[in-house]
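The two complexes that follow have chain A in common; it is paired with chain B in the first and with chain C in the second.
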Partner chain A sequence: MASMAAASTSLQARPRQMVTAVKCFCQGSRSNLSFTLRPLPTRLSVSCAAKPETVDKVCEVVKKQLSLKEGDQVTAATKFAELGADSLDTVEIVMGLEEAFDIEMEEDKAQAIETVEEAAELIEEILKAKA
Partner chain B sequence: MAAPFTLRKIGVQPNSANLTEARRRVFDFFRAACRSIPTIMDIYNLQDVVAPSQLRFAISAQIRNNAHVTDPKVIDLLLFKGMEELTDIVDHAKQRHHIIGQYVVGEGLVQNTGSKDQGKSDFLKNFYTSNYF
Partner chain C sequence: MVDKSQVIGLCRSLLRAGRQYPDYNIREYAKRRTLDGFRMNKNLTDHSKVEEAYAEGKKQLEIVERVVKVYSAYPPKTKNIMELKLQ
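Let's look at the complex of A and B:
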């Protein structure tokens, strides 16, 4: 019990990449429950459906495609436009992801992708449908 | 392995209604080209020479070269020429040194590298028209 509390506080201290993607209502509704004795570890309250490894791989491809330096932050909620990508760059990133994950994305869904997270979710959907 | 992509021989219809449709056609063309890259690398044995991402970059650089065009008809014509080039390459009508010279190594064909004169001096722009300006 004490170790759990310690683990959760250490999680709070280290900035996790997933924290930015966490929607506030998740933690808010949890705190209203009267029988919650300890704060939930932030790791579990992520609301996006994509696995972290997928998101990481997507970030890798994006960084390589846009030639970003190592220090630039690419998190799950980053829009491609913020990183300086125009629409052709977005299509190129989608093609890079198709190659990296060995999938084929449909055109209309691919056109709608704007953030790293949407890309990761779409990839997982397709992988699940393929398996 | 995803099903191999076959380049269907659909010519580009020369009647984009507006810029949005032309833009959509550009992206379709780009996707078709990128999906044919594995075939191309297979045909010309480029596995040791270049990575697919470099070829994608070369294709997008060519598209970006003409990114300033706003007339849908001109875009259609450029797409037609691009489609023609892609079909030639996929049909093995070109040879390895063409691909390497045009898309892998920096320079490309000499007549392609001259960009339309943008923002050069007015003197040069008026030079051919008359002496007095």
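Let's look at the complex of A and C:
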């Protein structure tokens, strides 16, 4: 009887342990999943917070606006001034970006844009706020 | 004293206002004219000329905003062919 009681208690104890163990396992795998689901900066060589698709689209608009040849390099870190754009060209580029992404940028934020990177980040910020 | 950021701000306001025209031709013209106008005066150094150009730009902005309202009351019924996407 005593042994049976002991066995039953031990049996009861074990599932609980197992349940907690399973829970920990689930939580661990869930947190691992959440990390792997977001392909954050570890994949990108540049430490930018903008998605590569946004950066690519921005680069496209910039190339078209400034009429750059195919061979010219436009990356996330490129400054508009490096591509030969003055402040008026920058305003035009920002307007083109607003049309391409269908957003409205604020005056002071738009004036602060100097690189492709900053433009892409601001665009994503606005898109996130809109959604 | 008109500084660079004000000029850029004026350019942006003019471009934004010009975007609201319902008619394709006037819309494109407004964009082209503002960029040409600002580029033409981009190298002005004489301060009074800069002020003059800035005042002119402000006047044009008022005009654009007013005319946009009038034109929006009677928008064109069909889309301009330039606005249609290539098929």
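In this text, the second predicted complex is superposed on the first by the 86 of 131 C-alpha atoms of A that agree within 3 Å, B and C clash if a C-alpha of one lies under 4 Å from a C-alpha of the other, contacts with A are read in each partner's own complex, and residues count from 1 in each chain.
The rule we apply is simple: a contact is a pair of C-beta atoms (placed from the backbone, for glycine too) under 8 Å apart; a residue touches a chain by one contact, two chains touch by 3 or more.
All values derive from a computational prediction rather than experimental measurement.
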Next item on the list: Following the overlay on chain A, give me a clash-or-fit verdict for chain B and chain C.
Entry: clash
Note to self: Is A:K64 touching anything from chain B or chain C once the two structures are fitted on A? First, second, both or neither.
What the structure shows: first
Margin query: With both complexes superposed on chain A, which partner does A:I103 reach: first (chain B), second (chain C), both or neither?
Written below: first
Next item on the list: May I ask you to decide whether A:E92 touches chain B, chain C, both, or neither, giving the answer as first, second, both or neither?
Entry: both
Check: Does chain A have more residues touched by chain B or by chain C?
Finding: B
Next item on the list: Share the list of chain A residues that count as touching for chain B in one structure and for chain C in the other.
Entry: 87-88, 91-92, 95, 99, 107, 111
Notebook entry, point to check: Taking the complex as given, what residues does chain C use to touch chain A?
Noted result: 4-5, 8-9, 11-12, 15-16, 19, 35, 38-39, 42
Next item on the list: Could you pull out which chain A residues touch chain B in their complex?
Entry: 64-65, 87-89, 91-92, 95-96, 98-99, 102-104, 107, 111
Margin query: With touch defined as at the start, can you tell me which chain A residues reach chain C in the complex?
Written below: 86-88, 91-92, 94-95, 99, 107, 110-111
Next item on the list: Show which residues of chain B lie in contact with chain A when the two form their complex.
Entry: 1-3, 5, 23, 26-28, 30-31, 34-35, 52-53, 56-57, 60, 63-64, 67
